[in-house]
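This report concerns only the one structure given below.
Lettered A, B and C in written order, each chain numbered from 1.
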């Protein structure tokens, strides 16, 4: 694997649309559940171990070569909120656009043809990682990092939170992030042998509910 | 739960399986050719609605304790209609050696079958460690109403560790797969702003109805802490958080009236 | 009001999306409108829609700070039917959405093109940025040409200050010229400063309340479309 390719893919400036999504942080800030660095850290930790783990495992499984169509259906089943399914497919399409231009690969073209309306972002992320010469664990790392990086950046914009504090939150989560990526990669390996039920389905009811509340707002800064 | 570390075979726990088989009796009703409780899982036949057979799970003792492995397995044959309930809340209690307990529910619904699975809440008692695994396999024409309620601790009590996964497939395709982990020992953030955020009761109501394929219910916010979400198949999931079991039930009952035909 | 420079056809065409459709025809021309808050971007878009909608098939993408406000203004003004207006969420960073990460805007633009491909293929898509500062410009991967809108009330020294929008936009609109006497802005000075900053690139002095209204800018857009279609 190429460490540099991993950096390119994980860079928050990679033009794949993530900047307009708060990962639930906008709804949590409005509800007062995030109001400082400590509550941001709690939010990120909870998201990492639920939606983050599930996304990381889907990405790892796609990078390991599991059928993207099968994984996309599993992602649907793990995402009860239609607002989050729409956001995931939209982000999947945006990532695929960037990926096809960045790491041209027949697998990415096939994915685009099979999912004209977009596949779930973690699935696209895994196929992209593979096209970039990265492995399942790398894909899991990127997905896990995105699950907390998005809310941290959004909270800086929403609350005017000190950006150094937000970076500190991400740094403190690093050991857990590594553990989540390792567990996701292990689950992906297991799924190759036992089928997709081996992939975790960790979920946060509150994130699903809040995503629907957020989608109902007439005025919002972030798409999700 | 294949991703979790393997559970060692319980040394002294109870292993018990309750088995239910419901079939259409050919006269517009539903018969129960198999109704077999075991150990702490006793079954009573009750009067169901109209063509429905009713069964109540009667907890003969407080269970599951750590080390126990309880299974409820119900099959509804073509056209059969079955209502499953429980007589009282299920208490997850600690075992002597701190080993986890397991509670598996397996529901199979064949063509045209309709099952209502409406157990009382599961209460995670301090010091307990329970893994709940619910698997539902639906034929494409089957209908399901399923409720799950989890309460963290008895009144004012710290909860135990509860891991609960619900997997529903329809025609072999995944429809819903959700795992909740909460209580001391659960992955970090379980009670934080992206977790339960201090709520002590969490529940979901799932309605699967092939009629939703033509006429899917719209997504709806049911207050700050509950939402009805149409799934990617003909189903709607109502998810709710509440301060306690009573308030949770109010939300889920209202949702049941709204979405279950 | 007048365009004080002749319109020269653009020679820049580095697009993220190919300028040709799959059937070999040219896709819609994409024009971006940027500029500071309150300079009259949305009013100009609305006026352009009224002026051009009868003989062009057109659509608008808005990039508001607050998601839907500009889109809803356009809907209220009924300048286009709702299916021709799309709003893009920008995550509190409208300039990121039009320059650094254009993926959401490209999605919106292509979805609009797809929606009308069968019956009334789009000739023109206006992409309006959220009100931002003087440094915000559109990526050439998103738009084929861009208009930067400033107004006389924002201060007559803005053209002198320059910045990427004022300096490089394919058309600079100095808006609300009817207010110039009231806010003490010197239009002559603005024109001289703009010419200094922009060389041959055109400047339009516009008052939407005046007799000409948006007509000079609409004429500029028509010339762009004519040049785009024959290329």
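General observations
Quick note on the criterion: contacts are C-beta pairs under 8 Å (C-beta built on N, C-alpha and C of every residue); 3 or more make two chains touch, one makes a residue touch a chain.
Just so it is clear, the model here is predicted, and its values are computed rather than measured.
For the pair subunit A and subunit B, there is no chain touching both partners.
Distance between Cα centroids is largest for the pairing of subunit C with B. The most central chain, judged by C-alpha centres against the centre of all protein C-alpha atoms, is A. Chain centres here are Cα means. That of subunit A falls 29 Å from that of subunit B. Here the spacing of subunit B and subunit C, counted between their Cα centres, is 56 Å.
Computed from the mean C-alpha positions, the centre of subunit A lies at a distance of 34 Å from the centre of subunit C.
Chain contact summary for the complex, subunit A toward subunit B: residues 24, 28, 31, 33-34, 39, 42-50, 53, 57, 73-74, 76-78, 80-83, 85, 176, 183, 186-187, 190, 194, 196-209, 212-213, 215-216. Interface residues of subunit A, counted against subunit C in their complex, comprise 13, 15-22, 90, 93-95, 97-98, 101, 154, 157-158, 218-223. Those residues of subunit C that touch subunit A in the shared complex are 16, 65-69, 88-93, 96-97, 100-104, 106-107.
Contact residues of subunit B toward subunit A in the complex are 2-3, 165, 167-168, 173-181, 187-190, 192-197, 199, 202, 204, 219-221, 224-227, 229-232, 237, 239-241.
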